[in-house]
Amino acid sequence: MVISQLIFYTLAAFTLISSLFVVFSKNPIYSVLWLIVCFFTIAGHFVMLNAQFLAVVHIIVYSGAIMVLFLFTVMLLNLNKETEPHKPTLLKFGAVIAGGALFLIVIAAMRSGMPAPYVAPQMSEVGYVKNIGMKLYKDYTLPFEVASILFLSAMIGSVVLAKKERS
Amino acid sequence: MTQTIIQTSNLYLPTILIPLLPLLGFFINALFGKKLGHASGWIATAVLFGAFACSLFLFLNLPTGGSETITISNWFYFKNIFIPFAFLIDPLSITMLLVITGIGSLIHLYSIGYMHHDEGFSRFFSYLNLFIFFMLLLVMGNNYLIMFIGWEGVGLCSYLLIGFWFKNQAFNDAAKKAFIMNRIGDLGFIIGMFMMLFYFNSLNFDVVTIGALKLGMGNMTIIYITLFLFVGVMGKSAQLPLYTWLPDAMAGPTPVSALIHAATMVTAGIYMIARSNVLFSLAPHTLDVILIVGTATSLFAAVIGLKQNDIKKVLAYSTVSQLGLMFAALGMGAYESGMFHVVTHAFFKALLFLGAGSVIHAMGGEQDMRNMGGLGKFIKITFATFLIGTVAISGIPPFAGFFSKDEILATAFEHNKVIWGLLSFSSMLTAFYMFRLVYLTFSSSFRGTDEVKHHIHESPATMTMPLIILAACAIIAGFIGLPTIISHTHLFKNYLASVFAQSKLIMPAGHEMSHSMEWILVGTAVTLALVSIAFAYQKYVMQKHVPAADENVKGISKVVANKFYVDEIYNTVFVKPIMLLSDLFLVVVDKLIVDLLVHAIAFITNQIGRALRLLQTGHVGFYMFAMVISMIILLAVQIFVVI
Amino acid sequence: MLTLILLLIPLIASILVLFLKGESVKWFSFFATIVQLIFTFYVYSVFQNKEAAKSLLAINIEWISSPKINFNIALDGMSLLMVFLSNLLMPLIVLAGFNRTQERSHIFYSLVLLMHFALIGVFVSFDGFLYYIFWELALIPIYFISLNWGGVNRSTVTLKFFIYTLAGSLLMLFGFLFLYWNTNLHSLSWFDLTVNHICSCKQGFIFWMFFIAYAIKIPLIPFHTWQPDTYSTAPTQGTMLLSGIMLKMGLYSLLRWLLPIIPNGVAEYTPIAIALCVIGVVYASVIAIMQTDIKKLFAYSSIAHVGLIAAGIFALNMQGIQGGLVQMLAHGINVVGVFYCADIIINRTGNSNINSLGGIRLLAPRFATYFIIIVLGSVALPLTNSFIGEFMLLFGIFEYNSWAAIMAGLTIILGAVYMLRMYQKVMLGDLNENVTVFEDLKWNEELVLATIAILIFVFGIFPKPILELVEPIATEIFKISFVK
Amino acid sequence: MENTIQAVPQNWYLLLSTFMFCIGVMGVLLRRNAIIILMCIELMLNAVNLLLVSFSSYAGNAEGQVFVFFIMVVAAAEVAVGLALLVSIYRNIASTDIDILSKMKW
Amino acid sequence: MNTLIYTACLGLFGLLAEIFNLRKYLIPIMVLGLAVIFSLNLQTWNHPETHFNGMLTDSNFSTAFSGLAIFIMLIILILAGDFYTSSDDEKHISDYMAILVFTLCGALMMFSYANMAMLFLGIETLSISLYVMAGSRRFEVKSNEAGFKYFLMGSFASAFLLFGIALIFGVTGTFSIDGIGVYMRAHADQLDPLFIVGMLLMIFAMLFKVSAAPFHFWAPDVYEGAPSLITALMSTLVKIAAFAAFYKLLSVCFVFALGKAEIILTVSCAATLLIGNLVALTQDNFKRLLAYSGISHAGYMLLAIISLQGSTDSALFLYSAGYAVASLAAFAIAITVFKATGTESISGFNGLGKKNPMLAAGLSMAMLSLAGIPPFAGFFGKYFIFSEAMRNGYQNLVFLAIISSIIGVFYYMKVIVAMYSKPANEFEVKPTFSYQLVIIVCILLSIIIGVFPGLFTKLL
């Protein structure tokens, strides 16, 4: 019990710290790296929540694909230095306050409705590949197929946009 | 109330012919005038003689004291109010008809000569015919609305005729002034009619009379009605304070002045009061007002008349003064006397105007008496007839004016000594300035240029004939109304008795005046007239006094010569402020307040748009910031304020 | 069915005319309007036969089921009067343009005929929504006519006009929507609305929604500022349409869609309405006195006249209503006449300032004659068409309040002042140096003016048929509005 | 491991993911570098993922986890397109500062 | 269901066309294909069905809106032929066509979704395609900027949508909209706060998608920067799809919970009306003007959303149709004029009334329809929406809408005034055949809908 709680708190702390670093790092490269850290911690959460398959996919997709893409871009555009001009302090405060306020408001709104800590089913098997596969390929066939259209569109789009040619 | 029965009376045809003939004449002249040339004048005159014949027929065939209503059509109606197009033929209207058609046809005849060289010859006659048509409608209608048609119609014709020589803007101004002043009165008339409609549901004379009788003596409603009607009368009959248009109206051709501004139109007011005598009798306060206004006008105009040098202006003020006298008579309830004076005045004033016209004709258009003198030798017929007219107006027996004026003065003496005094004084002044006119014009030697002197000639027969006829009438017309001291049968009074019978019942009859008293009054009046004539003779014939040139007039004389500056006062008090108001409304209210408000709304809207537009900074960071902030606020409000 | 044909003739003509070119455009439009006029007389003859009229004149078919909107057109005395007025004026308006050249005249006449269609539609609609459609529809052609063929400064002026009137009508739309959902029948049929009144507590609100719309259209002060500019900027035929027929839409609507539908609201606010109207009468008359632009002068005079009509209608009595109806006809004819005269003058001299005109009568006596007749008609001289109407209106106002009548009656005096002043300056006197040549009337101009002059007298001397035509409907409106 | 569900109340996950989401929002508002903003959006999406998985696991409902797949798909697609756009912009203005992109305003 | 599949196939065909060198015939074939799909789509009329285990439902609502969307895309494709004429465009034409058709796929999903996943994917398919299309003029900074702004804000908003979906899933345990609807009905009087927050976050996201204030900021910039044809697409298809999805979402999932969102919706509606119309007053760029006008139209359509308890779908559809045809006509004319004058400013229209009266007349009618003046379709749309809102007791909002309509007329008229009363510029305008066709068809449709609005009122 205590161990799993401990793991949770540690992971949660890491998650938050890393995401804060993502936001506050001056150098984009650091941000990317902190984001990768953050993704790993989230994958850890997934494992904690019996969603092992998802955790794996998460690491592959995010850390493996998306973050590589980010890194590529940062490198490609040669952004690995602190070129970013700073916003006025007032706006910075504003942004922080806005983020905080949003958090407070949402939390306050949800406060009374939080599901009471309850004992979940002894054995949660939903995260197993079998279950997810069943869901995905049985009920969610259409979205699955449609996602390919989305991908196709995004793919062509990216090619069209990023092609380097000038007539 | 709806009379749709086809009239079988033998009076039907002549009655409708009376207005139709002039109307026909109008159409012929208006449509084919150019082609007809001078024949149009004869046509116009002929139709009037026809109308006169018809009027005579009516006069002869209407039983004494009888009256006949001739309904042409049920003109229109609304709610429960029916307005028929109908004519009322009774002694009062016949009297007026005879005067209008009779004098009218003479003046038409005269105009043929007078207007001979004018390029608007046929137009002139079409207007004259149209005028007669409206005047006839005015006196023949059996309800106030028909009367009002005539009332406004004559105003229109007066406008057209005063401004007959439309190239001259001063004449046009005079015409416009006449029309507008009349319209001021007309508003009063209309309001009076509304009150009648409101209280009696009808405008027919008989219905209104019955209704008024039901309301009884001194009822406020009737007082208001009569006061409003009197406002109308003031405009039409040129009483204080709406008289200023009449002297200006002399801008029109002289026959017009004779016909419209002396004999007929301006007496419409008297006719109207006589027609509604019962109403007025029921409203003693109104009568008092009329008496005061009439007396004041009479005196005021007479005073101004003293200092006028334009031959027509003198006559115009004399007309105003005489009208005032008539109103004084009406104001004392002596309707017959008023009417009587209308008739006699019509003759001698028409005569005077036509004579003046003849003089002007002879002088080649010159109207200023200071440039005349000694004309008696050149134009004898004119001089003779003019003199008759002057004597008549001055009240020298046995000319027509004496009888009618004496009657009024006698009534006034009975009624109120002060009024009598004032009216007598006014008569005296009349005699003075009329003889001043005669002396300045006809006696002593010619003061004008030689060129004019050679031009002087007697007028053609078409002009002298009417003069002679009118002069004859001016002599004898008085005999239809001999005073009681001479004869016990007052023909005129008896003829109209049926019309005023009702009023006589209402009004407290004055006690019969003793004969000796009457003789004294007659004597006084005649003496006063003779004295003033003598005074005029002394001043203008003996001393050969010629009025000074305008710029040399000083002091009170100047004030009088300038008509007490009434026009100027009106100009400052009414006209200028309205013009100022007009500009004020346009510039300040319309453009500045109302329009600015409209534009301000548009402007403010636009400015808000401009301000809001600045939110769209183009910075995507700001956009997202704004989104989040508004999201937070909306969430907070939605969740915490309401739930 | 007949009503529908009446409605369709101008519409079809307006489409057909687009395919024509040159002079044939005018002739065709004239022909169409004359056909329409003749047909109107036929419809009138049917109307006289009460039994046949019911089945022949009314159409009521469902157009939209929810919210319920019926294509409900019919003719009653009041509609017929207005239709008659439009159809009478339309040939004159078309004819007036015969000796004028316009660019793209086929579009111009198409718009004119489209406007005609919309106007007829307004007058025959008995469903509030349908009425509203036509009301708005009428605005579009006149806007484009003014915008395309107008004078100086036309874009701002017409835009103001458009937005102003549209603002009013949108408020009216709101009023209609409000009425629809707040009456229990859920219908905008005139027949339903007149029987089934909305609760008195809400009538005051609706009154303002409608009143502002109509006050802008009529126009009453203080909603009038669009009008003088628009009248003087629009091409004359446009001005004739606007002043002759279009502003009658507002007055007609007072009688059709205001009085019988929200009688209590009207009764509640009638003092304010009358005050506005009467003040408007005096105010506009006084302004007209000093106007130097001839078209603006007529525009202000028109404000005064319609103010009087509106005041009479708001006096809420029989003679006021009836007089208002009669006067609408009269004013329509007269105002078209005066604006046409103004156009003839401006067209020939290129000048609209009355101070730099003068002596035209010397050169064009026939024109002068027609002009004075029309002027006299508009100052309501007895035996001209506007006298009876004005008389009844003033009496109506008098019955409501005698002081108001005296104030409104000032129009009799002031009207004469500004009209005669204008006539004197423009037509009389000696020739002004700006006016050296002035051709007398052309055949089409003479035809138009003669027709107007004849109409002025015919309706002035024989007012009874018109009064009888409108009497039943006036009685009905009166009854509906005042039997509580 | 399976016991996490019993040991940690779900509220914590809710709190955690909300907090993370808000950090993402804050980052978006705070930064001017487009790439970092993109990453912050990824952060927000991951917060959602976490929430969905936690709900899914606690309720024993696999749908939540399936949905996470779609979010990943979309995230990937978005990143691809976004970075492509970014590259194309960078070629034109040689910057990834979003505040320079304000040619169109008002 | 079939519609979606066919459309996807058509998109794939577009991609393949490049390979088979069919570039020349591409657009005609695509148009033809869409026409066929349009007619096939009608088959589902009155055959409500659910497909793919509750992922997709065909209903009259979805059929009607799908038909409209297909029609819009058809028009856009017809216009595309003469729009993409530069050599750079020529090269990518099949890509563009495919992406456009995929956009339509996204829209179709948004009409017929029955599961949050489908909604989300539909929105994203639509959006991602549009990010690309908006930025497709990649050598123009404006286009870049438009694409990137749209992208950034769009994905930001998507995140909120997802958070909302997640919360609702947490409470209801399902992504099926019917399932959520069942929960909502069962707990209507005592809704879990999580559910409410989720709902509100979703509403925020949808308000963003429909460009309602205060989430409208992206719209003007993106509309201005995007290629005109894409602007036309965004202001018609995208807006309508977003509204349809919004409507469906609220009416199925949240109808009884809307009391908890009333303030947000009302404020947003009012703000949208005012901001859209007021700011539009000050615009000189025609596309930007239409963007603000689009925002104000969103306000009117939000009125239909707010009063959806009274099932205002017919009114919404009528409004959408009227708005779409008028906008398309306006854009078709505007694109022609832009090409001729080389400027997108309103002053580019100066003197069009003389230069080309037919174009000017067409644009005038389009503007009048957008301004909501009878007898054009725009008026009836407005009328029905106002009427429905009034019925549901939103008098004040209707009044505000009326006021803002008055303001709105002003800027529409500005264009008309420019065309008719300003001196003409030096240019020659001659629309190509396809543009003429589109203009005539759209204007005629606008009038036909205006004359027979009854066809639509009981449609759904």
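Letters A, B, C, D and E mark the chains in the order given here, with residues in each chain numbered from 1 onward.
By definition in this document, a residue touches a chain if its C-beta (ideal position, glycine included) is under 8 Å from a C-beta of that chain, and two chains touch if they have at least 3 such contacts.
Bear in mind that the values here come from a model prediction, so they are computed numbers and not experimental data.
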Subject >> Other chains in touch with both subunit B and subunit C >> reply: E
Original post:
Which chains are joined by the largest number of contacting C-beta pairs?
Top reply: A-D
**OP:** Select the chain at the greatest separation from subunit D, using centres from the mean of Cα atoms.
**Re:** B
Original post:
If you average the Cα atoms per chain, which one ends up farthest from subunit A?
Top reply: B
**OP:** Specify the chain with the shortest distance from its C-alpha centroid to the centroid of every protein C-alpha atom present.
**Re:** C
**OP:** Can you check how far apart subunit B and subunit E are, centre to centre, with Cα atoms defining each centre and the answer in Å?
**Re:** 77
Subject >> Chain centre separation (subunit A, subunit C; CA means) in Å >> reply: 71
**OP:** Take the average of all CA coordinates in subunit D, do the same for subunit E, and state the distance between these two points in whole angstrom.
**Re:** 27
Subject >> Cα-centroid distance, subunit A relative to subunit E, in whole angstrom >> reply: 31
**OP:** Would you give the residues of subunit D that are in contact with at least 2 other chains, written as numbers and ranges?
**Re:** 14, 24-25, 28-29, 32, 38, 59, 61, 63, 66, 70, 74, 77-78, 81, 84-86, 88, 91, 98-99, 101-106
Subject >> Multi-partner residues of subunit E (each touching 2 or more other chains) >> reply: 117, 121, 124, 128, 131-132, 135, 138-139, 147-149, 152, 156, 167, 170, 196-197, 220-221, 282, 410
Subject >> Residue list for subunit A, restricted to those that touch at least two other chains >> reply: 87, 94-95, 98-99, 102, 106, 109-110, 114-115, 139-140, 143, 147, 150, 153-154, 157-159, 161
Original post:
What are the touching chain pairs in this one?
Top reply: A-B, A-D, A-E, B-C, B-D, B-E, C-E, D-E
Original post:
In the complex of these two chains, what residues of subunit B are touching subunit D?
Top reply: 613-614, 616-621, 624-625, 628
Subject >> Partner subunit C, residues of subunit B touching it in the complex >> reply: 74-79, 81, 145, 148-149, 152-153, 156, 159, 163, 166-169, 172-173, 176, 179-180, 183-184, 186-187, 190-191, 194-195, 197-198, 578-579, 581-583, 585-586, 589-590, 594-595, 597-598
**OP:** Please name which positions on subunit A make contact with subunit D in the complex.
**Re:** 1-2, 4-5, 7-8, 12, 15-16, 19-20, 22-25, 28, 31-32, 35, 38-39, 42, 45-51, 53-54, 57-58, 61-62, 65-66, 69-70, 73-74, 76-77, 79, 83-87, 92, 94-96, 98-100, 102-103, 106-107, 110, 114-121, 123-124, 126-127, 131-132, 134-136, 139-140, 143, 147, 150-151, 153-155, 157-159, 161-162, 164
Subject >> Of subunit A, residues touching subunit B in the complex >> reply: 87, 91, 94-95, 98-99, 101-102, 105-106, 108-109
Subject >> subunit B partner contacts - residues on subunit C that touch it in the complex >> reply: 160, 164, 221-222, 224-225, 283, 286-291, 318-319, 322-323, 359, 361-362, 376, 381-383, 388, 391-392, 394-395, 398-399, 402, 405-406, 409-410, 412-413, 416-417, 420-421, 424, 427-430, 463-464, 467, 471
